[in-house]
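Handing you this structure, nothing more for now.
Chain IDs A, B, C, D and E follow the sequence of writing; residue 1 opens each chain.
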Amino acid sequence: AETLRWARSADNLTMDPHSQNSGPTHVFNHQIYEPLIIRDVDGSLRPTLATEWGISEDDDTVWEFTLREGVVFHNGNDFTAEDVAFSIERAQKPTSNMKELVASIREVEVVDDHTVRFHTDGPDPILIDKLTNLFMMDREWAEENNATEPQNFDAGEEHFAARNANGTGPYVLQQRVPDSRNVATLFEDYWGRDEFPLDITEILYTPITAAPTRVAALLSGEVDFVQDVPVQDIARLEQTAGVRVTRGPENRTIFLGMNVGDDQITHGTAEGNPFASREVREAINMAVDREAIQQVVMRGESQPLGTLAPPFINGYQEWMGEYPEVDLDRALELMEEAGYGDGFQVTLHCPNDRYVNDEGICQAVVGMLGRIGITTSLESRSLSIHFPSISNLETDFYLLGWGVPTFDSQYVFDFLYHCRRDGKGSWNATRLCDDEIDAMIAEIAGEGDLDARNEKIAAVWERVQEGIYYIPIHVQTIARAMGDHLDIPVHPENDFWAKDVAVNR
Amino acid sequence: MTDAVLSVRNLVVEFPTRRGILRALDGISFDVGPGEILGVVGESGAGKSITGSAIIGLLDPPGRIAGGEIRLKGERIDNLPTERLNRIRGKRIGMVFQDPLTSLNPLFTVGQQLAETIQHHLRLGERESRQRAIDLLAEVGIPAPEARIDNYPHQFSGGMRQRVVIALALCAEPDFVIADEPTTALDVSVQAQVIQVFRRLCRERGTSAILITHDMGVIAEAADRVAVLYAGRIAEVGAVRDVLKRPLHPYTQGLMGSIPSLTGEGERLVQIPGAMPRLNAIPEGCAFNPRCPRVMDICRRERPPLIDADGACVTCWLYDERTEQPPAREAPAVGRPA
Amino acid sequence: MVGPAPADLVARREAASDSVVEVRGLVRDFDVSASWLHRTLSGEPRRVVKAVGGVSFDIRRGETLALVGESGSGKSTIAKMVVGLLPPTAGSIRIDGTDIWDPANAPKLRDLRRRFQMIFQDPFASLNPRWRVRDIIAEPLDVFGITRGRATRDRVGELLTTVKLTPEDGEKYPHQFSGGQRQRICIARALASEPEFLVCDEPTSALDVSVQAQILNLMRDLQDRLGLTYLFISHNLAVVRHMADRIGVLYLGGLAEVAPAKAMFRDPRHPYTRSLIDAIPDIDMTGRERTPITGEIPNPLDPPPGCTFHPRCPFARERCRREVPRAFAEASGALVACHGVEEGWVGQAPAGQKAV
Amino acid sequence: MIAFVLRRLAQATLVLLIVGFVSFSMFRFIGDPINNMMGQEATLEQRAELARQLGLDQPFPVQFARFIARAATGDFGVSYRLGRPVMDLILERLPATLELALVSALLAFFVGVSLGVYTAIRPRGLASRFVMTASLVGVSLPTFLIGIGLIYVFAVELGWLPSFGRGQTVQIGGWSTGFLTQSGLASLVLPAITLALYQMTLIMRLVRAEMMEVLRSDYIKFARARGLPERRVNFRHALKNTMVPVITITGLQLGSIIAFAIVTETVFQWPGVGLLFITSVQFVDVPVMAAYLMLIGLVFVVINLVVDLLYYAVDPRLRVEGARGH
Amino acid sequence: MDVREKLVQRLSRRIYAGWDSDLAHSFRSSPVTIIAALVALTIILAAIFAPWIAPQNPFDPRQLNLMDGFTPPGQENPFTGNTFLLGSDGQGRDVFSAILYGARVSLFVGFFAVLFSLVLGVTLGLIAGYVGGRADAVIMRIADVQLTFPVILVALLIFGVARGFLPPQHREAMAVYVLIVAIGLSDWVQYARTVRGATMVQKSREYVAAARLIGRSPFAIMSRHVLPNVTEPILVIATISLALAIIAEATLSFLGVGVPPTQPSLGTLIRFGQGFLFSGEWWILLFPSLTLLALALSVNLLGDWLREALNPRLR
C-alpha cells in the first residue's frame, strides 16, 4: 500500500465534472472520473472508456464509439451507452462549463449498451480531441441525487455532485474538505486492475497556497509530489538529494485580454475605451518586453510567443509565434495616433495562484505599460475570484492562460475569439463580437476535409493576429517535483494519472 | 545601654535614585528599654516609616542600610540574610502598619492569615493554631471571635481590622513591636480604643515597642519616651513629659506651639516659617537652620552632635558648651511670625 | 492683597439679613441598592444611605461655623450641597436669601457663584497638575469676566502675595510646591472671585501640624481683613476649637448639638459631644484618662431607630430607642438634640469626668 | 450568585445580539444575495419569487428577527463559494481550530504565567532582563514571519517537524482529533508555538506588571513583616492576588486566540475555521463571514462568562458584596 | 462597580501618577531606549524623506527595469550594469528604495490608524467617564462587543465589507484608507477604556469640583481640565499601538488584503520575499523583514520605556 501525498497551489474547485473547465479541477477529477479517451503524455489519444472510435464512413457528421465492457461505477452500476448519452447531454446544459466542447453534438444515439453514435451539426473532425476531459457520469446516480444539471458554480449553488463523486476511475473519493483535504482510495473493481501499475493505493491531495510552505513540505518529506513548483526553487530542488524534478513546456499560452468591444471601460479612468483602438493594442504589444519577462520573471522557464496558439497545436505556424521588437518610440507614436498621447488609467486583474509567477508577470507588465503612458493599477486575487470575474465580464484588462486539450486551433477560436453567443465564446471576455470572424469559425466546424479545414484555420489566424485582440506573452514551462521514488513526467496539459505511477522504493 | 532591647546606632539609610543618592536617614541613634514604648514623631517625610522598615529589614528596594548598626538584645540584625531575618520577623519583632484596610490580604480569611503565621512561628498544629487565633482575637477585643475568624477582612470594620493587624503582629509573642501610625486611618473614637488595646497588650506582655505617629496626642498618651525626627535626623530624644512640656530643640518648640490646644483661647498658633527641606536639598550644617528663629553662624556650617542636656538628648548647637549662651530649658516661645 | 471691597458689595452686605447662609431641613439620600435584577431575585429592598437627614443651621456674617463629626457623618455631603455641587434630596439652602437649588433662581446663580467658594481637603488633588499656577488662579477671573489680559496678570500676582507667595510662583506648576504652599494656592484661587463666604472641607487634614498652623493662621488673617464668613469642616476638635465661633456636631447625618465654641468645650451638652471631647488625646498631660466611646460606628445603611446614638450612649433610656429627639435650645444658647438633656437625666458632669 | 449569572447572561445575550446585527447587516447589504444566488440570467419574476422565499420583502426588524432565530438553530444559509450549508463547513473545521487554540492557550497561559512570576520576583536578574527583551521581540515580529521562520528552521533545515496541515486525524463522533496520532501531535507543535507566542508575551508582561504591583502592596509587606517564608509570600499571597485581574484579561486574550488563528492557519495550511474565513473574505462569501463572526462572538461570550465565574470564585469580596456594588 | 472597571481605573491611575517623573533623565540613563529612539527616528525620517533619499521610486513602474531583477546586494547586474545597495527584487525594484517607500506606506497607515482610533477612543472615553450613567453603559457595551474581535479579524471584515461596497475601480485607490479605518476601528476600545478609567479618577479629584464650582461647562471641563491629565496613558497606548498597527498592516498585506502589489508596504514586500526563502535570493526577504522588526521593536521599546518612565512606582 502506497499513499501519494500530492500538493499544489489551489484546490480543485468542485467535484462536479461539468461545472468548471479548469485545469486543477480536471486533474483531480481524472483520478475519479474518466472520459472516453485521454490524451497521453506524448500527445496521442489513449482509449479509456471507449475502446474504439471513428467517424462513420457513411456520414461525416456521425462519430461512433465502442465502449469498454465490464466497466462499473464506484456505486456498482454498470457503465453503459445510456450513461454516455446522459453525460454529454449534461455537459450541454446551460450551467455547464464544458458546453463549448460538445456544442457541435446534436444528438447522442444509443445503439446498444456498448455503442454510441454522436450526431453533429455538420462534420466535426476534431470532436474526439474535445472529449479528453469530458467525464462520464452515472445517469442513475445523478438522477437519484438530483444532480442531473451541472452545478451552477458562479451562482454558488449547493449541489450534491459538487461534493460527492461516482465515477468509473481507479480511485474512489473518500473525503473532501474543500481547501484542505481530498482523499481517494483505490477502487477495487476498477476495469484496469491488471493493465496499470496501480502502485498507489491512496491519494491525499492537499492544496497549499503558500509557495514556500509547499516547497518546504516536499523538502521535509511531508508530501511526495508537488505541482506548481515556483520557478525560483527549481534549481534548489534539483540539487536536493532524494528529490526529482521533471519539466517541460505546457500546452498553454499566457496572455493579456482586453475589453475591445465596449464603448467605455469601467475599471479605469480613460475617456471612452482605449482598447477599442487597434493602435493602442499594437502599442501595448510593442511595449511588452516578453524576453525580459522570460529572463527575469520566468527565469528562462518559458518561451515567448506572439500568438495564442501554443506551438503544439494544429494550426500553429512559425510566423504567428513571432512577436514585435520592443519599440517604445513607435508605441508612443501609436498612442498619440489613437488619441491617447497623454495615456490613460486602467486596472489589470490578475490571478495570483494559477499560472507560473502570474502576479510577477502582471507587475512587470504594469511597469512596461507605464513607459508608454498607461497607468495600470494591479489587482491580484485568487483564481477562484478571477475566473468568475472573467466569465461575468467584470474586467477590462486581465491575465489569462489557455491550454488546448484538443490540440487544435478551433478550441482557441471557440472559446477566445468567438462572440459570446450560441454557447460559444464563454472565456472571451474581450467583448469581441465580429460576425465575420464568427462566420469563419463556423466554417471550420463544418469542414470535413482536413486540408481545407487547415486553410480555413490559417485564415482565421491571419485575421485575428492582425486584429491584436489579445496580447500573448509566452508558453510556460511547468515543473513538477517529487520524491525520487516517483517519476512523473510533465504532461503538456499538466495532467496526471495516479494509476500510471510506478513506485520504486 | 546594654540592657536595651533594641538599640540603633548611627543608622544611615540611602535610596539610590535617578538624581543621585538620597539619604533618607542620616545617623539616627536611640535605644528602647525593656517594656518601654518609644514614640517617634516628625513631619511627613521625616523618615519615621523608614526607621521602622530598616529595623525589620523591609526597606523598599532600592533602599539600603548604608551605615550604622541595629541590635536586638545585643545581637546585630541589620544585614542579615533573608532566611535569618525571617526567623526574626514576626517571631521576635512584630510590625503594625498604618492602614488596616490594605495590610490584610483580601483573598484570605482573617483566620487563615492568623493561623499560618502562628503555625509558621510556633510550629503548632492546625487545630491549636486556630484555637490560638481565636484566643488572640478575643484578646484584642473582637466580639464572637469563633464566628468572625472565618470572615474575610473586608467584612470587618476599620477599627476591628486594625485590631486584627495588632493580633497578627503579636501572635508569636515578639520581644519587640514596631507600630507605624497604627491609628491614622481611624476615626477619633475608634483610635482611642485601638491605642488602648495596643498599650494594654504591650504592658501585659512586657513587650517593648516603637510607636510611630505624627499625632502628639497619641504620643502623650501611649509613649514613655519620644524621639523627634527632622529631615532624616534626630532632633531630640527624651521622656515624653519633658519633650512635650519643655522642648529643647527650636524645631520641637515650634512643633509643639503649632498644635492648636483645647485649652488655649483660640489665639494665633506658633508658626514655623517654610517647610521641611527635600531630602536632596538638605542645607549644610543643621538641617533646621533656614527655618530656625535662633540660628547661629555655626548652625550654617557644622552639623550639631547629639548632646546630652537635662537628661534628654538634643542635636542643637544651643546646648553645646562651646556656644556662648548656654540657655536653660524654656517654654515654647519661638518668636511670633512677622 | 485683596483690594478693598467694592462699594456695592459693602452696601449689599449691610442690607442683607444677618445670616449669609440659611440651611433648612437639608436631606440627602444616596441610593446604593444592588441592581434591580439582584433585588428582585433576592427579595432585597432598596438600600438608601441617609447621608444627611434634616439638618438646619444659619451662618452669620463674618462668623465661622464649624462642623465636626466622625468619618461618614455627612460633613462633606453638606459642604457639597451648600456650594451647589450636589443637589439635596430635600430642604433648602439660601445664600443671601437666594435659594441656590431653586431652578427659578438659575439665572441669578452665575452671579451668586462669585460670592461663595470652597477650599478642599486635599491640596494635591484640588489643583490641576497640568496647569500653571497663574492659569489656575486666573480661571475664575476669566470665567466670571472679572478682569482681562494684563489686569488678570496683576490680579493673580496680588492674590499670590495675599497668600504669602510671590507673583513669580505663578509660572510654576503645582507639583513644584509643598503641601502648605499648594493649599495657599487653593486659597488664592478661592479668593479670586472676591467671595464673602468660604466653605472649607477639612482644609488642613492632609497637612502636617507645622504647616497646618501656617494655613490656619492665614485663614484667620484673611477673615479679619476681608470679613469672610467660613463654614469650616474638620474632624479634629482641637482645630475646630481654634477656628470656630460656633460648632455643630454631626452624628450619622444629623446635628447632635450646635453651640458656641467656648461653651461647648466648657460644657458639652449632648452625650456624644461629651464622649468626643473625652476621646481627644490629652496632649497637655493633665493626667486625664481618655475614655473611648464604646462600640462601633453604626452602619449608615441600617441606622438604629430613635436616637441614632443610643446604642453607644451611656445614658440611653427606653425613649431614646423609640423616639427621634428634636433639637431644643438650651439657655446657654446651645441647640441640643437629646431626650436626656431635655429631660435633665443626663448629668451635668463636666467634661473629663467619666459619666457612666 | 444567581443574579450575577443572570446579569452576565443578559449581557452575553446583548453582545450576541449586537454581533448578530452586524452579521445580519453584512448579509443584507453587502452584495445582492439574490444576484449571488441566481446568477445573471434570472428573470424579474424569479427574483421577486426568491426575494419572497428569503423573506427579503419583509420589514427590516422582521428579517432581523428571522435571521437571529435561524442563527440560533445554527442555520446560516449556504456558502456562496462552496455551495454547502455554512454550519456544516464550520463544524467540519472547528475541531482543528479548537484543538490548536486549546494547545496554544494552555501553552501561552502556563509559560506566560511562569515567566511573568519569575521576572516579577527577580526583576533585576539577568535571565529576567533577557526574557523581557526577548518578549518585546516576540511582540514586534509579525506572526506570519515567526511561522515562516519556524517552518524554515524546524521543518526544512532540521526536518524535525511537519510544516503544514494537521497530520493524521482520528474521527471520534463528529470530532476529528489530531491528539491521538503521532503525526497529529507533531503537526501541532509549530502552529501552536506560533500562535501562542504573542499571547504568551502579553500574559507574561501582564502577570509581571500585576505581580510587581502586588508585591509592593501593604499586605505583602505585612506578610513579610510577619516572617512568612519567601515562597509562601510569593506563591500563596502574591500569586493569588495577581491572578484575580490576570484571569480576566488573560481570559479575553485567550478568547482572541481563536480569531488570531487566522494568520497561523494560513501560514501552516491548518484546515480550521480561520483558513475558511480568510478565503471567504477574499470571496466575499458573506454567509461564512457572518457565521464566523457569530462564532467568535459566541466563543468570546462563553469565555467571558467562565472568566467571570472564576473571578467570582477567586475573589471573596465579590461573593459577599453581591453582584455589583459601589 | 464592575471589577474590571476597577482594574482599568487602577491601571490608569498607575500610569497617571507619573506626570512629574523626569522623562528626559530616565531617557538618558537607558542606552537601550536611546538606541531604540535612534533606530525609530532613522526609519521614520528615512521613510518621510524617501523621495529624496531613495535612488529610485519603486512605486513608479516606469522607473523599474525588469532586467535589473534579482541583482544581489552590492553586485553588478550582468545585463544592465546597475548595482543596488541591498540588491533588487524580481521586478527590478531596488530593495533599499522599496524598503523606504514600503516603510512610508506602513508608517502612513500605522500613524493614521492610531490617530483615528485615538480620536475616536479618547472622545468616547471622555464622554463615558465624565458623563457616566447611560452614555457610559452604552459606550462600554459597544466596547465589549468590539473587544470580541481582534484587530486582524475586524480589519479583514471591514476589508470584506469594503470590497462589497466600493465600486471596483476605486478599490485600489481606497485600499490604504480602508486599511486605516479597519485597523483604527479595531483599536479604539483601549483608548476609550483607559481614558474612561482615568477620567473617572480625575473627575473625582477636587480640581474638577473647583471648576464646576465656578460654573464651567462639562465640555470645558472635559477638554481643558481632564484631557491634559489623561495624556500619559494615551501616549503610552498610542506608541504601543503604533507598533501593533504596523504589524497589523503587514499581516493584512501578507494575507493579501492590503495595499496593491505595485505599491508594496513592508508587509507586502515580505509576502513577495517569502517566495525566495529557498531559492538563494535571501535579500528580498531578509531586509524588509529586518526593517519591519527594527521598526516595530524600537517603537515597542520606546513604548515600554514610556510606560515605565511615566510610572514612578516602577523605579
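Just so we're on the same page, a residue touches a chain if its C-beta (ideal position, glycine included) is under 8 Å from a C-beta of that chain, and two chains touch if they have at least 3 such contacts.
No experiment lies behind these values; they were computed from the predicted model shown.
Trainee: Could you run down the chains that neighbour chain C and chain D together?
Mentor: In this structure, the chains that contact chain D and also chain C are B, E.
Trainee: Could you see whether A-E or D-E has the larger number of C-beta contact pairs?
Mentor: Ranking A-E and D-E by C-beta contacts puts D-E first.
Trainee: Once you find the CA centre of chain C and the CA centre of chain E, what distance in Å lies between them?
Mentor: 51
Trainee: Indicate the whole-number Å distance between the mean C-alpha point of chain B and the mean C-alpha point of chain C.
Mentor: Result: the chain centres lie 32 Å from each other.
Trainee: Can you work out the whole-Å distance between the CA centroids of chain A and chain C?
Mentor: Here the centre of chain C sits 91 Å away from the centre of chain A.
Trainee: Provide the list of chain C residues touching at least two other chains, using ranges where the numbers run on.
Mentor: Correct list: empty.
Trainee: Note the residues in chain D that touch 2 or more other chains, in rising order.
Mentor: 148, 152, 156, 216, 244, 266, 282, 315, 324-326, in rising order.
Trainee: In the complex formed with chain E, which residues of chain C make contact?
Mentor: These residues of chain C touch chain E: 80, 83-85, 109-110, 113, 117-118, 120-122, 125-131, 136, 139-140, 143-144, 175, 186, 189, 193.
Trainee: Tell me, which parts of chain E touch chain C in their complex?
Mentor: On the chain E side, the touching residues are 19-20, 205-207, 209-216, 225, 228-229.
Trainee: Would you tell me which residues of chain A are touching chain D in their complex?
Mentor: 14, 94, 151-152, 154-159, 162-163, 177-181, 206-210, 212-213, 216-217, 219-222, 381-382, 384-385, 392
Trainee: Which stretch or stretches of chain E touch chain D in the complex?
Mentor: 1-4, 7, 14, 32, 141-142, 144-145, 147-150, 152-153, 156-157, 159-161, 163-165, 243, 247, 250-251, 254-257, 267, 270, 274, 277-278, 289, 292-293, 296-297, 299-301, 304, 313-314
Trainee: In the complex formed with chain D, which residues of chain B make contact?
Mentor: For chain B paired with chain D, touching residues are 56, 58, 60, 82, 85-91, 94-95, 97, 99, 102-109, 116-117, 120-121, 152, 154-155, 165, 168-169, 172.
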